[in-house]
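The structures come next, written out as structure tokens.
Here subunit A shows up in two complexes: once beside subunit B, once beside subunit C.
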Partner chain A sequence: MALQLKKLLPVLAVVLSMFAVGAMAHPLPPPAPLRIPFLLFENLEQYADNYENTSVLVTELSWMRCPSGQLLEGSTFLIRMDYAEGTGVRMLAENVESQAGQMGNLRLEWDPDKQRYVIRADNGWMENVYAPVYRVVLGTLHYENLRVVLS
Partner chain B sequence: MRVLPVLFLVLLLLSLPPVAAWRGSGTRSQIDISGANSFTLRIGKLTMTNVSNLFEMLFGTIKTKNVTMENLVIEVPQGDGTLRVEVGYATAPYAVMKVSVLQVLGLAITHLSDLIPLLLGKSVTWTDVTIVASSMKAQNLLLSNQLMYVRSPDNLKDIYIEADRMTVSSLSVEKVVRESDGRPSFLTLTSGMVMENFLQKTPPPCMCISASRASSSGQTELRAVSIFSPTVSMASMEITDRPHKVKAKGVELQSPEIWATHLELSSLELEGMHIWPCN
Partner chain C sequence: MNWKIATLGLGAVMVLLTAFSLSNVVMGFTGGTIHVSIPEAQLQGVSMYGGSYDDPVPVVVQEVDQLTCPQGQVITREMTLPGPITIVVELSMDTATLSNVLMKAQNLVSTNGTLENVEMWVEDVPQGLVQTIDGGTMNNLETDIYFVSMASLAYENLKIELIY
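Now for the complex of A and B:
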């Protein structure tokens, strides 16, 4: 009996290690590129944070409008809209790039609640925005001519 | 009638500010005047040509031209601390300074041999000069290795900003303020600011912002800890009478490095912006 148990131990160890690997955090899949030709926004807030063990740039907007269409391109899908207007936007991205933009009443200030520096702007616009995003959450969204294509 | 000159001297003495100490020796001169209504200039080597007449000098106005200064340190007491400006080399074609009558007399006594050339408008060179002034104006200043600071940067807590070039149409250092944790910074208001190829980095969790060009048409509020630039030029600079404010116009900084605690811009236009978490 003891001999049989000894033989079973390596198998048991392998099974347990497989469970342990399964319990570890999944690495995030590659971020989906988001491209917006023109973005209008109000109450922007940006800060660095950690999401699923990955450093991300959090962007929050109380209101946004993309009057000239946008494109969200994932590994298995493609989303296009001619017009989009949303509130309560929260986006976790690898980074955010923009060709040109304007920000009204921009502040870079220490937030005692978040215990980190936060960028805030009352309003503004950005042109040719590119952001590889991990996650986008919207409070409300109004859109025109939505097309979702599986790639 | 003979009483009049005596009366004039008495009135002159009565109008003087209170004096704490006065001392001078050889080429090294120093005058300390008590009270916050003054700031201090320590100059390693000063070359200048006096253009003020005797009457102006007696009333504490020193007008100079073709001024060069080496190893200049300006200490300006402001609000909740002292702003310090260190400059390796500075030139100004014209500068005016308001000092006390005692300061004038002190400088004259410690540089007696230069008195006649000075009054004749000849260029003089002094070393290790300390001047306590109440206000100063200079035109077309050129500074090399300029460092303006209230304290050394704390890399863990301060925001770092660098740029290839920064121009500001007007700048005013308003006062020294204390942050909530007691650390000092100096409140700077600027207008018409443009930065080329700028990079900004916050302390951990680190966030980096870069832009090929950033311009603000409105007012910018910067609470800075230190500002360093190897080359600075400005159309004019003034340290005002109490409350002491450092005001400058037409400022251009090459490769500035700024450590700050807070940045606020009324309106900013960005080109080629990139934001990313950088830790």
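Now for the complex of A and C:
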């Protein structure tokens, strides 16, 4: 009986350690889908980064305008606006999709400070943008017809 | 003996009738939402996140360090009294300044505005989405709330009216 218990101990240790690792590595909540029918921007910068142990795509814009508004679908409530204009935008997304677009002076270059490749564009527009976001930061935001409603 | 039973029975009926009547009155005052209308809302220190009120009613929780309404605010509540009679209680003030406000809302709309240092991120339910705003102005702000509390309220020209 004691021998059988001894044999079981390593298995038990492995199972317990898996539980401990699972408890420590708290996964991020699911991202909130952000939908923008049309986006105008200036000074785009895009690069991969790590956010709370999750790989994310960082998008920074010095200026943006959403003439047809935008919709952010949180798990508890939705934020919708018919028009939005913002400065100092920083968005951490799982990925970014767009149906069509145009970028002026686009380049992919090595950033020695960030120690990674960065996509940069001076200006442009993107149509039907879809980005599941973990975090969004705006220096200023001007909006029209804002609605916050329960999901 | 029979008259004692009859008296007890009548008493019980009276108690039940009174209870039903009172609950009807009380039900007119609780439940549903209160509509708040603010032509210009100047906000400082805002956080917004998902939550619940009188579990399990889902709400949008809003905490505001300071809310200034230079053009005042109008608070309306529709109530049904026994009868039934539907009345609207309207509280209006020409200017208002509120501090440490906690609101549990069903929704929120605003025609336009400008916000500074907006930050949004995802959290686990019940918060879900969290939004913080350092400050800003929201015009024609309309919200339906279940609950509100505040540390202080300063106002000018408060009026409370009953509209039938």
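By definition in this document, the second predicted complex is superposed on the first by the 127 of 151 C-alpha atoms of A that agree within 3 Å, B and C clash if a C-alpha of one lies under 4 Å from a C-alpha of the other, contacts with A are read in each partner's own complex, and residues count from 1 in each chain.
Everything that follows uses one rule, which is that a residue touches a chain if its C-beta (ideal position, glycine included) is under 8 Å from a C-beta of that chain, and two chains touch if they have at least 3 such contacts.
In this text, all values refer to a predicted model and were calculated from it rather than measured experimentally.
After superposition onto subunit A, the partners subunit B and subunit C occupy separate space and fit alongside each other. Once the two complexes are laid over each other on the shared chain, residue contacts for A:139 go to subunit C alone; subunit B is not touched. By the touch criterion defined above, A:31 lies against subunit C but remains apart from subunit B after alignment on the C-alpha atoms of chain A. When the two structures are aligned on the shared chain, A:40 is found in touch with neither subunit B nor subunit C. Once the two complexes are laid over each other on the shared chain, residue contacts for A:79 go to subunit C alone; subunit B is not touched.
Of the two partner chains, subunit B is the only one that A:97 touches; subunit C does not reach it.
When both complexes are overlaid on chain A, the residue A:148 reaches subunit C alone and has no touch with subunit B.
In the superposed pair of complexes, A:50 makes contact with subunit B only, with no contact to subunit C.
Subunit B and subunit C never share a C-alpha pair closer than 19 Å once the two structures are laid over each other.
The residues of subunit A shared by its contacts with subunit B and with subunit C come to none at all. For subunit A in complex with subunit B, the residues that touch the partner chain are 46-50, 55-57, 94-110, 112, 116-117, 119, 121, 126.
Those residues of subunit A that touch subunit C in the complex are listed here as 28-32, 72, 74-77, 79, 86, 133-151.
Residues 48-51, 58-60, 105-129, 131, 136, 138 of subunit C are the ones that touch subunit A when the two sit in their complex. By the touch criterion given at the top, residues 159, 180, 200, 202-203, 205-207, 209, 261-279 of subunit B touch subunit A in their complex.
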